[in-house]
Each structure stands twice: as C-alpha cells, then as structure tokens.
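There are two complexes below, and they share subunit A, which is joined by subunit B in the first and by subunit C in the second.
Take a look at the complex of A and B:
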C-alpha cells in the first residue's frame, strides 16, 4: 500500500515554490497598488491588510482611462496594434500551417525544421536583425532607393506604427503556426474525402469541413500570442522607442524602470491582468461550450 | 521541367499558391537573421554596410570584440550560468510536481493543478513586476543572480510539468503496478520503472528550460542589479538602438550558435539513447509541441 503522503510529498516542493513565488508576488502587486506612498522618498508602502486598502490611486488611474485622457489613447493603440498584428499573423500563419499539414510531402521535414529554427534564435536577436535591415543605410532603404520607390532613406525606426506592427507579426507568428499546424494535422483525411465524395468542391470542402474543424485551434493559437503581445514593451522599444507608438507594456515599464510612481504602475498591472483574465475566460467559455456541443451532436 | 511548365500554365491551381506563400514565409523568417549573422563578420563599424570579411568583432579587436570586451564576455557567462541553475532547479521541481499531481488523487491536487497553469498564461511583464515588488518589499532578496534564478525557475516549472505529465499519462499506471505486484517498494518502482520510462521527457525538459532561460529578457532584466548581472538579451536590448558596433551581432551570433549546437547535440544523444526503444515519440516533436 502506498502511503497517503507518498505522492503529495513529490508535489510539495514545486507547489510551495509556486505559492511563494507566484501567488504571494501577485498579492504583493495588489498590496502596492492599493497601498500608500512614502511622502518623502515617494517609495511605495505596501498595505498587506485588505481592510486598510486605499483606492484613490486606482480611481485616478481609471479616470485617466476615460476617452480623451492620458491612458485612453495608449489602451486604444494597444488594442489596435494587437488586433492588426493578430490578423496579419493569421493571414500568414494559416496558409503556411495548412500547406504543411496537408500538402507538403518530400519537403515536410525540412519545412518543419525551418519552422522551429526561430524558437532557438533569441527573440531579441531576431529584432536586432530587423533593426540592422531598417537602419537609414540598411538593406531595406537601399533596396527601395535602388528600385526608385523612395528618394530619401525612410525613417523606419523613428516611431512608425507600421514598423512596430510588422515587428510584432515577425516576432509572434512562429508561436501561432506551430499550434495551428498541430490542429490541422490532426484532421483525418477521410473526413475531407467524405466531403469531396458528397460533391463538395475543394473550396467548399475547406469552408465547410477544414475551417470549422480548425476554428478552436485558430482561437487557441490567437489567445496564445495575444496574451504576451499585450504585455510586450521591448519590441516597441527596440523598433520605435517613441511615445507616439507606446503600448500598455511601455506605460507599465516606464513606471517601474524610469519613474518613482510604482503605485500607479502596479495599478496598471492589475487593470491589464483583469482585462487578460476576461479574455481568457471568454476563450474558456467558448471552448467549453464548443466541446459540450460536440458531445451533444455525438449523442 | 514539367512541373515548372505546369506552374506557369496555372499558378493558382492548388496548392502552388500555398507552396509559394510557405516558402516565402520561411525565407522571410530566416533571411534577416542570416544577414545579421553575416554582418557580425563585417570589417568596418557598420551593421548595415558591408566592408569586407574579418573576425575583428569576435576577437580581433583588442577592446570592443566579444572576446575582449569584459561586459560582453560577462553577459555570455551570466546567460549560461542562469541557464545552468534554472535547469538544475526547475527540472527536479517540475518532475516532482508532475508525478505528484498525476498520482495524487487527494483534494489538494486540483488547486495546485490550477495554480500551475497561471505562469503559462501570465504575460512576462506582469510576472516580472510582481517578483520585483515582492523581492524588494517583502522577502528582502537583493536583486542580482539569486533573484534572477528564482524568477526564471518560477516561469520554467510549468513547462516541465506539462512535458512530464503528458508522458506520464501516455505511460499509464500498469508498468508501475506490475513492479509493485512483483514486490518492488513504492520508491523502488519509481526508481527502477517510472524514472527510466520518463527519461525522454526529463531530457526534453532540460532542453526546453535551457532555451527558455537563454531567451528570457523581461524577468531577467527586472531582477538584474547592475552591469555584472546583464545577460545577452539585456545587452542586445540596451545596445541595439545606440551606435553599437557589429560586436553586438557577434555576441548574438555566439549565443545562437551555442543554442543550436546544444539542441543538435541533445537531439543526437536522444536518438542514440533511444536506438533500442522503438515506437518512442521524437524529441523534436515533443519540444516543438511544447515551445508553443
């Protein structure tokens, strides 16, 4: 007989680690955001007892999120950038994943290897590569001048929204393709053959069989890359560095690395986390409902 | 030749357009990195205009090359050191957690299972901020190497749990039960049966944790103290906008080569270790599924 404490004792160190270094730190953000500030050094003074929490910082931060105020534009911009980047990633990633899963034959191993390479090249190395290409005398500007598209070097790195969005797409699309590929690869060929046998054209087979079967995969992969994009500040810093393109992540980073107002920064972290938690629960709700429907239709 | 002619006759016939998109994407994803690597061999100070081949930025230059600039060497050493500690701590913790959570049916397992998922979906910035605040305000842990290791292990554990647990579920409880029926103690069954069966997953965990640690920027940067605890990604971040030399490209290249070499070596070792066990899942596949 295995003793009752035998298996729990294996989980204990890891579980304790997560409580001490994930759960308690999360609470510390709340204690700082709802805490007070040292009047002399303007350091944050955390308030650990929830009964003593102060809400004026959160109230003023939320006030700044109203249309027309400081944080409003940053939030709108972040949502716009993430939405456009996500659409771009799907536009590139879905066809690639589809081709890999359905049509690549002899080249499949090579393509899969090429697909994984970006995972082993550091994210910032990949950004460094683009900065080199986009410099005023970089290859992109020289090629465009050579072709006569532009006469003067274009300032790609001087706070252009388009550069930031392209960099986000470049950075995150590999993380979208791999899970999408896994989902598309799992679709049984005979399901598609059934569609064709019943008289559907290739396009209508795609629209009525493949696409619905990969819907959950699309959603999961999108959530998977949208979550880190919302907290991204380094892509923006590296490619633009201008407040004209700053996102929520840049705003938070500013309060922690630059300014003394960590209480405000902590409030912004909480608002971001709540938003992402809502996004996650929507995703979970959709998937749970979808799997319930599949079970119903099978019964 | 026939294929080329077919292509010209009907470039939009399935799946040629898809093939073109796929190969264009592959080129687009790899070529910029290759160009950045090439410029690390530039003879001049420019990162964008080619001035001839040299190894100046690797060790030729007496003060600015990767080999001779103490801050660059330091960054490389710090990156590898953190990766080593992260692997040594996160993998055992994660394996233990995976074993415990799969076999333990008590009512404490559910909340831990739930908690374990959070580091996977929390943006790094949120994690970095909370760790910074708790270290400074509550635990009084000085920023620097210790803090960086604690932070990296925290986000690495969950990946190990996922890898090991999926393997545990595919193994099932029967081998272990057979060992127990034949008189092995719980520890004996674990050591003689379960751990050998888990070794591919444990091996894959080491590689994934290595890659996570080497690539990490946000948490490592928030918990760094000064120049001496900067890693390669931090060095790239702080140098990329300035008037830096191709030495930065060289530093990044060294890291990429080291990572690819480690992965290739690991893959070969894995293949060699599994040569007598047919029907195992490929490590590459396991890692690929997990990196996402």
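Take a look at the complex of A and C:
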C-alpha cells in the first residue's frame, strides 16, 4: 500500500501549487468577470456561485471584438506583434543555441553563464536601460551618428511599432535560447554523422535531421515566450506610450487600474486565456503525436 | 429630469446641513434615505456612496456619522510611529526629518502609484496608516465608506494660513475631513528651442497639439483619462469638464484620436522628465511637474529651453489634500502632522523639493521667482488664488459617468 502511493506522492507539492496558484486564481477571475462591483469604491465583488453569474459584460466585450471595433483592433495588433517578435527571437536565438550545443567547446560554460546574466536584472529595469540607450542623445543615436548612418537623432522612442517589437525581442530572447539549447544539446552526434555518411550536405543534414529533431524544442520555447508576451503591457508603456502600439495587456491594465468596470478587464483576461488555451492545445497535440511516432518507430 | 437641473429645496438644506445625516449610520442608509426623499441634494448629481457630487456651484458639506466622529480636544500626543500613506516623491524628506526631531517620534512613509492602488490597500482592512493624501475624486467615497475621520480644528491652528477660498472649499465645506496640500494647473509644456510657435501664439492655444505635425512622435498628453479628455473639451470651449453627455465625451475622444493620426501622440505622466530630456517637445503637463523639470535637464542645458502655458481663466486646477484615516492609531499626532505641513516656512521648504505649490496666503508668487525657487521663464507654473477662483476642476462622476469616460478612453487608447 505504502509503495503504491510512494511515487505518486511526489506530485503532491506540484499539484497543491497548481490548485492554489493557478486553478483558484483562474476561478477568481471568472468570479470577477461574471460578478459585480461595489457601489462605493468600485472594487470588484466576485460572485462564486456560477448559477448567479451575470453575462452582460462579457456579451458587450465580445461585441467590441467584432472586426473594426475597439478590442478587435488591439487583439489583432497584439497577435501581429507577438508573431513578429517570436520570429525575431527564433532568428536570433536558434543560431545562438545551435552554436552553443554543437560548436562552443571550452567557452560553453562561460557563454551559458552570460546567457543567464540578463535574468539577474528585472525585466522592467532592462526596459528602462533600453530607454536610456534609445534616447535622442542616447548611445544608439550617438553611435549611428558617429558612423554616419544618420545625420539627425532617430526617434526610436516616438511611438514606433518597430521599437516595441525590438524591445520585446530583446526582453524575451534569453528565455528562448536556453530551452532550445537543451533540446539541441540532446541530439545524438551519431545521428548527424549518419546523415553525412549517407551523403547529405551540412545544410541538408541541418534541414532534414537537426531541424525536425528540434521541432518540439522550438515549439516549447516559442510557447514559453509567447505566453508572457501576450499579456505584456509595460514594454509598450515604457518604450512607446502611443495608442498606435497598445497591446491587449494595456487594455486589461486600463480597466483594472481604476474605474467601475473591472468586470471588463476580467472578461478580456478570459478571452485572451481561451485564445491562448487553443494555441496551447495545438502544442500539446503536436507533442503527443511526436512522442507517439517515436514510440512507434522504436517498436 | 437630470439631477443637475433640479432646484434647491428646503429638504436639501436640512439634509446637507448634517443634522439629518448625522443620525444615519452607513452609506446604504444614507443612500436609501436620499432615494426616499427623491434626491434631496437637489441640483447636484448623486455620487457613489450616496453623497452628492461636489460642484463649484453646488458645494458639499460632507456628512458626519455617529460612529465616526472627530477626536476630542486636549488629548496628549501619541508616541508614534506615525504611518503616512502618500504618493511617491511627494513630500520633502527633510520635512519628515524635522518633524521627527521636533516631536520625538518616527515617521514611516509608504507610497502608492495611483489612487486606485491606495484605495485597494485601504479597503482591504490590512493597512495600518494614520495619514493619507486623497484627491477630490475619491473624497466623498472615502467619507461614505468611512475610510477617513472628521478633523478636530482645535489641533489645526495653521489652517488659517490657507487661502480663504480653500479654508472651506466647495468639495469639503468647513474642511470637515481634509486640509489642502498642494494646488496646480494643467497646461502645456514645450521646448522653446525645438518648437517654433509657443501655445500663446495660437488663436486657440490647445491647437498646438493638433497642428504639431512637424513634431510628430514628440507630442504627448497625460495618461489620465480625465485630464486628457478635459483638454479636448476645453479646446472646444466646453468648460464643464465633468460632463456626462455621451455626445460631448465621444467628440472629445474623436478629437484625441485625431491626434494619434496626426502626430502619433504618446500618453504618459513623464512630462517632468521627458520634456527636459528632449524625448517630448510638446506635452500636456502639470504645473508642479514643470516647476521641478529644470532639475531633470541634462548637464549644460539652461532652464530657458522649457516653457509652460495655462489659460488665465478656465484652466484645469487641481487641489490635492491630506486626511486622517478612521483607523489611525495616532490621531493626535496625525493632526500635528497636518498642522506642520500647513506651517508657512515648512510648506515653502516642501515646495522647494517637490515643485507643487501649497495654497498658503503667505506665499508670494514674485518671491518664489526672486528667491530662485522657480526660474523666471517658468513663472507661469505659479498658481494664484485667483486662478483657483477662475478655474475649472476635475471632479467625481456618477458610476455611469465614470464608465462613459472610461469607455471613451479605452477607445482612444486602442489606437
């Protein structure tokens, strides 16, 4: 009996953590979204009984999700920014992870340490440092002027979408490199050697062996950085501040920061969560399918 | 009929005079009574918590409750520590040191970033503060929710130093719950070395924003829905900046949206750092922020590059205040602290650090310039009592009004 429960009990702390810090807060968001607001301070009054939930706020928020309406514009922009930033992170991060896994020998430990260094500084501080670099008389403008690339300081902080996307890439790329490195490092060298022995060129080996074997790692790392990017609001606040670059996180923040419509903020959180859950389902489906294929090939 | 259009009745007088209200305990009871009497606070819209919304033409005497009275006179000072809940960087640390030394107590300051955050903490029941710095927008709710306690004026002899018009302000007649802390205007800041035409050179100075195409990307408005939309209303000569007319608020939103198209306007509250740093060349700004802006200029750049304009009449005037929390453990000491901040000398010392002018009669605008507190070119940041009298105030809205303004702001911020 003891033996039967011994190993499963190892999952208890994680399960308790998940229930306390994920399921309960998620239910609280639902209770706020479908709840009411106190008439004096406008604080949300969660309604815990689903039978008493009110859905009119969610209906009006969904109404604003129609093409051309307020939340539609912001959701579409958010998805575009995240997609471009993700592509940028992969373009920068994959070669770095590949180099670390395959070619960095003695310097591997040092390079890995350097990759971890950004985690020592909070994301917000790194964004503020980025502002210092991009100021009209900041290091970037001065360097570009010295090199003769530009004659006048470029307005990096003038509400440019490109600056927000670059900042997102800068902020999240370290989170992508480490899991990708872990996957690439696990690819057996003899698999690559087999490809070359069979006459494949280095590029062909990469395209037909390395890349497919790292597909799950790409997906996992992409999920890891895309999820926080979707909820990000401070990157836009710090780097741009323009309504033209506002993301869905900014709208959620707007409704939670004040006023009597916290229920709208909570409804936006739920809609975003549902969308992300759909994306996550795709990731899970791909992962399960891949592991099933691996098992089949071993039989 | 809109509540604003109702005329004064005798019941209004009786209700507002406090006698009736003192007998009622709790905001719900007050609200029910108000409803039963058919809104006796005639002429003024009813706010959250059942207290009429203060308007310049409808002053409000905040109610007293039987279970939330002022402290008795003649009590001894507590030993502290005094817990102060304030906006970040809003009080001179030297003043706190002086107070600690003079009264032999410790002062602990906890800061908040915005009033909503402060309210969330205060209403959670976990906070343990004595003094709080609320704004007019949250005042009546704080009274209705019994968050703050009435003041005992015996402990506040320095209240006489305050401008006569603010000794019994329209939002808190007889200063029952608050004393004023600072006063400021909302106007336009610009870089005189970058922008060719000053706001005053325009027929309608607010047009500087809508004609700033050459400065696209260098234009900002305050990230504050009330302030930003109020500016768009004032540009159209709508002086009721607390309007709940959907038509007017929507038009103001449309005007701000034009700014996004025309000049890619930014929204933030960094006027005091961004204008000196050259990140922004034209910005909606608070006078106190611009009075302190020279401190943020890069080395070697003279304060003459900064300009500030606000209208001589119908400027948005803000008045921040200080209150004592109902659950204060050191209420006598808290009164002493409020009184200390209203001392003429201490108030000037505080102003020299945070840039926000205390509304005290002894402070002469000319002296602030001649004594070097404010550069001559930023003399327009000084607020006079007449400015307050001729200005407009951003005041609390009904719950529906708040939603209307917030929806408009959300639409603008979506870009």
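Keep this in mind: the second predicted complex is superposed on the first by the 259 of 299 C-alpha atoms of A that agree within 3 Å, B and C clash if a C-alpha of one lies under 4 Å from a C-alpha of the other, contacts with A are read in each partner's own complex, and residues count from 1 in each chain.
Throughout what follows, a contact is a pair of C-beta atoms (placed from the backbone, for glycine too) under 8 Å apart; a residue touches a chain by one contact, two chains touch by 3 or more.
Because the structure is predicted, anything quoted here is derived from the model rather than measured.
Looking at the shared chain after the overlay, A:271 reaches neither subunit B nor subunit C.
Contact with subunit C, but none with subunit B, is seen for A:246 once the two complexes are overlaid on the shared chain.
Of the two partner chains, neither subunit B nor subunit C is touched by A:90. In the superposition on chain A, contact of A:137 is made with both subunit B and subunit C. Once chain A of one complex is fitted onto chain A of the other, the partner contacts of A:254 are limited to subunit C, with no touch recorded for subunit B.
In the superposition on chain A, A:165 makes contact with neither subunit B nor subunit C. When subunit B and subunit C are set side by side, the one touching more residues of subunit A is B.
In the overlay built on the shared chain, the residue A:58 is in contact with neither subunit B nor subunit C.
For the contact definition in use here, the residues of subunit A common to its subunit B contact set and its subunit C contact set are 135, 137, 157, 237, 241.
Residue ranges of subunit A in contact with subunit C, taken from their complex: 39-43, 70-71, 73-74, 77, 135-137, 155, 157-160, 237, 240-246, 250-251, 254-255, 257-261.
Interface of subunit B with subunit A (complex): residues 14-15, 18-19, 21-22, 25-26, 28-30, 32-33, 35-36, 39, 46-49, 93-94, 96-97, 99-101, 103-104, 106, 108-109, 112, 115-116, 118-119, 121-127, 129-134, 137-138, 150-151, 153-154, 157, 161, 186, 211, 214-215, 217-218, 222, 232-233, 236-237, 240-241, 248-249, 252, 255-256, 259-260, 263, 284, 287-289, 291-292. For subunit C in complex with subunit A, the touching residues are 27, 31, 48-49, 114-116, 119-120, 123, 141, 144-145, 216-218, 220, 223, 257, 260, 264-268, 277-279, 298, 399, 402-403, 406-407, 409-415.
Residue ranges of subunit A in contact with subunit B, taken from their complex: 2-4, 6-15, 17-19, 21-26, 28-29, 31-32, 44, 46, 92, 95-96, 98-100, 102-104, 111-112, 114-133, 135, 137-139, 157, 170, 173-175, 178-179, 182, 202, 221, 224, 227-228, 230-234, 237-238, 241, 249, 252-253, 256, 262, 265-266, 269, 272-273, 276, 280.
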